[in-house]
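Below are two complexes that have chain A in common, paired first with chain B and then with chain C.
Presenting the complex of A and B:
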């Protein structure tokens, strides 16, 4: 990514942006986020197939926003997240510059978020074959089998909230799970609280999740929690039509159609 | 052994179903007494977390009911609620929560008889399903697992 390093240096030196968010080599053959504030630091920037963390999670952070205008090295899922965040008034053209990395690993600099949106809309959000198979498998199970499946999968969860921290859409300054009056979600690592926490997470991400799998990648126990959001994505497509984050237009769950179809209300 | 009496929690909107249930009473229609009615300003206010909490607290079945589409006192509360129910119900089903135990309905203020019928039907079907032991088993964590000291 020589182009990226060169462009990052220019942007920082000319003070167009104050901080550039990208990836660098971390420990144990993993990559981690790099915040370039000095031109020299840009040499540490890398980009390869290991860079799966969703960097859009940082653009809503107060500590990063405070530095001034941000630039972000954004893969396709990151660009989708940015469009969703922009539609929720979390970022705008004044505080964010997007350096896109296309699926073919080419660098594109976008003049504004409208251009990012146009680019993002060229690609449909698709659930990958392996997860689709898993979803089908689960749907074919009986209700009791599914209950057992999730009880088994969720039982090791100790609510470290790595999934929440990794998710660009989980930017609330106070999450429902942190409330204790009333205590919506029991704190102990126990099936009940775990189930409620993951149901809550999936519902809050309905119509907002752009299927980047950051939550699953961040989970230290590799619990397939992304299946829940994938299911919501698939259902949203089925019930309310194609889903794409967009700058204009209503959010899936904050709007309605008088003729929304269901088959269970008596 | 005495027959199992299911506990049913009904989340209803103030303007239609609550008034409808009131009409059931003033019309002197007899219906099952298993239902505990909780009044909400609108179906749009019925948070999905409340439904989960009802199961936590030992409900065997849940009824969620409000104004018919286009009848909402606040114009669109029930339309928003309907979208939420569609997604929530499907997520519940996906996680293995028994969706047969959550009944959704539209009952207007004039439908006292429909309310009685829905409650009776729900009680009958929940009685057949039996107590919601699956959920109760996991919901009972404080008695079993929390230790002090």
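Presenting the complex of A and C:
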């Protein structure tokens, strides 16, 4: 990523941006987010197949945003997240510059978010084969078997909310689970509390989740919660068409279209 | 009491398990699933994990459950009736396969739950637990027990400590407490007398990476350091570190009402969450993540030694393994040690 390092240095030196968010070598064999604020720090930037954390989670973080204009080294999932966030008025051309990293690991600097959107729309969001197989398996289960599957999988959840923290779309300063007057979702991580939290999470992300697996990757207990959002992605496609984040703001689940199917009303 | 050393043949462990079961003990042991290892209610000996370095979660759940109903209440014409926990319902538990860094954590957790108020629920649960420690024969780059006063064969916190003598070898059992002795009395013949039992050469080597006393002294002058801000910029403010930690003890009390009756539940909480310290007025004394990350380190390495004379970290390395954004506590502690203040 020589190009990225060079460009990062220029952007910081010329004060085009105040901070560039990229990846650096972490501890053990991990990679992690790097916030470049001084040109020299850009030398620590790396990019390889281990760099899968969705860095878009940082563009709404107060402490990062407050630094001023940001640039972000963005893989395809990060670019998709950014377009979704822009459509929800969380980022714009004035506060974010996107340095795209293509699936072929090439660097593209986009002049604006419209260009990012055009690039993103070249690629359909597709559920990978392994997870597709898992969804099929779940679909074929009886209701009782599926209930048992989810009860078993969700029971270890201790509600650390790493899934929420790692998700770029979970940027609410006050999440539904943090409300206590009224209490919408039970706080304890018992059976009902876990079930309600994960259902609520999946529903809030439907038509917004770009299927990056950040939630699953963040889970310290490796609970396959991304299956819930993947299922919603597949179902939304079936009923309302394929999801693509869009600057037009024609949100999949909250925009009425005359040709929407109404076959769920019975 | 003097530590009594006995030999337990490798195929005797299963017999010991069965004898404990016959004596109506509930046994929690580590099992692997989805690539993670957790303590579960062991119905049989088969499948208990031995190859893991450390379980994903600590064993604290056994005395300090993640969501614990502490009372039921109901309202009626006469007033309110409240029913607390019946301690007789708490089962006798054997915690099987606890690593020394978890076992020693029980003492640290107990010091929090007995600081001023003596938490009778916690103490009652713990009194029913017998800890079977298993020494570590391997470690990884996240382990640092030796930097915080522990070691891979530490007996502190265990009632019996088992050390495997070689990869497929028999076990050396060190019977440390009266509780341990009680268990041994149930299966006397499995704990054989043996003259020459050596264990040190079978233990993992964990290098000392920092001096915790020095860190503590440094922290006295470190409160306003910029390090906290730089280190915590990538922290996303989840509770993974606190929830896998053997000594994190913060909790929240929730009332779950269903009409005229309900329950009061004690739930784990974490100082990493942005709302953890929000006042009723809306003011938040720890309004930024750096203040929350600082609290985590200060509490374990400054406030706890000052108030409770114990450190709040056992060097198990779980928080670093669990962190989705590589907030590595060992790396940070080493950097604190190196900084001149």
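In the analysis below, the second predicted complex is superposed on the first by the 256 of 266 C-alpha atoms of A that agree within 3 Å, B and C clash if a C-alpha of one lies under 4 Å from a C-alpha of the other, contacts with A are read in each partner's own complex, and residues count from 1 in each chain.
One rule holds for everything that comes next: contacts are C-beta pairs under 8 Å (C-beta built on N, C-alpha and C of every residue); 3 or more make two chains touch, one makes a residue touch a chain.
Keep in mind that what you see is a predicted model, and the values were worked out from it rather than measured.
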{"item": "Which of chain B and chain C A:2 touches, first, second, both or neither", "value": "neither"}
{"item": "First, second, both or neither for A:200, with chain B first and chain C second", "value": "first"}
{"item": "First (chain B), second (chain C), both or neither touched by A:190", "value": "both"}
{"item": "Which superposed partner A:232 touches (first chain B, second chain C, both, neither)", "value": "first"}
{"item": "First (chain B), second (chain C), both or neither touched by A:242", "value": "neither"}
{"item": "Chain B versus chain C as contact partner of A:223, first or second or both or neither", "value": "second"}
{"item": "Which of chain B and chain C A:148 touches, first, second, both or neither", "value": "first"}
{"item": "Contacts of A:265 with chain B and chain C, given as first, second, both or neither", "value": "first"}
{"item": "Chain B versus chain C as contact partner of A:129, first or second or both or neither", "value": "neither"}
{"item": "Interface residues of chain A shared between complexes with chain B and chain C", "value": "186, 188, 190, 193"}
{"item": "In the complex, chain B residues that touch chain A", "value": "48-49, 52-53, 56, 69-70, 76, 79-80, 82-99, 103-106, 118, 134, 138-139, 141, 145-146"}
{"item": "Touching residues (chain side chain A, partner chain B) in the complex", "value": "138-139, 143-151, 176, 184, 186, 188, 190-193, 195-196, 198-200, 202-203, 206, 228, 231-232, 235-236, 239-240, 252-258, 260, 262, 264-266"}
{"item": "Interfacial residue positions of chain A with respect to chain C in the complex", "value": "26-28, 30-33, 35, 53, 57-58, 61-64, 156, 158-162, 164-166, 173-174, 178, 183, 186-190, 193, 217-224"}
{"item": "In the complex with chain A, residue positions of chain C that touch it", "value": "34-36, 38, 56-57, 66-67, 140-142, 229, 232-234, 236-240, 242-244, 252, 254, 256, 265, 267-268, 270, 273-275, 288-290, 320-322, 324-326, 328, 330-331"}
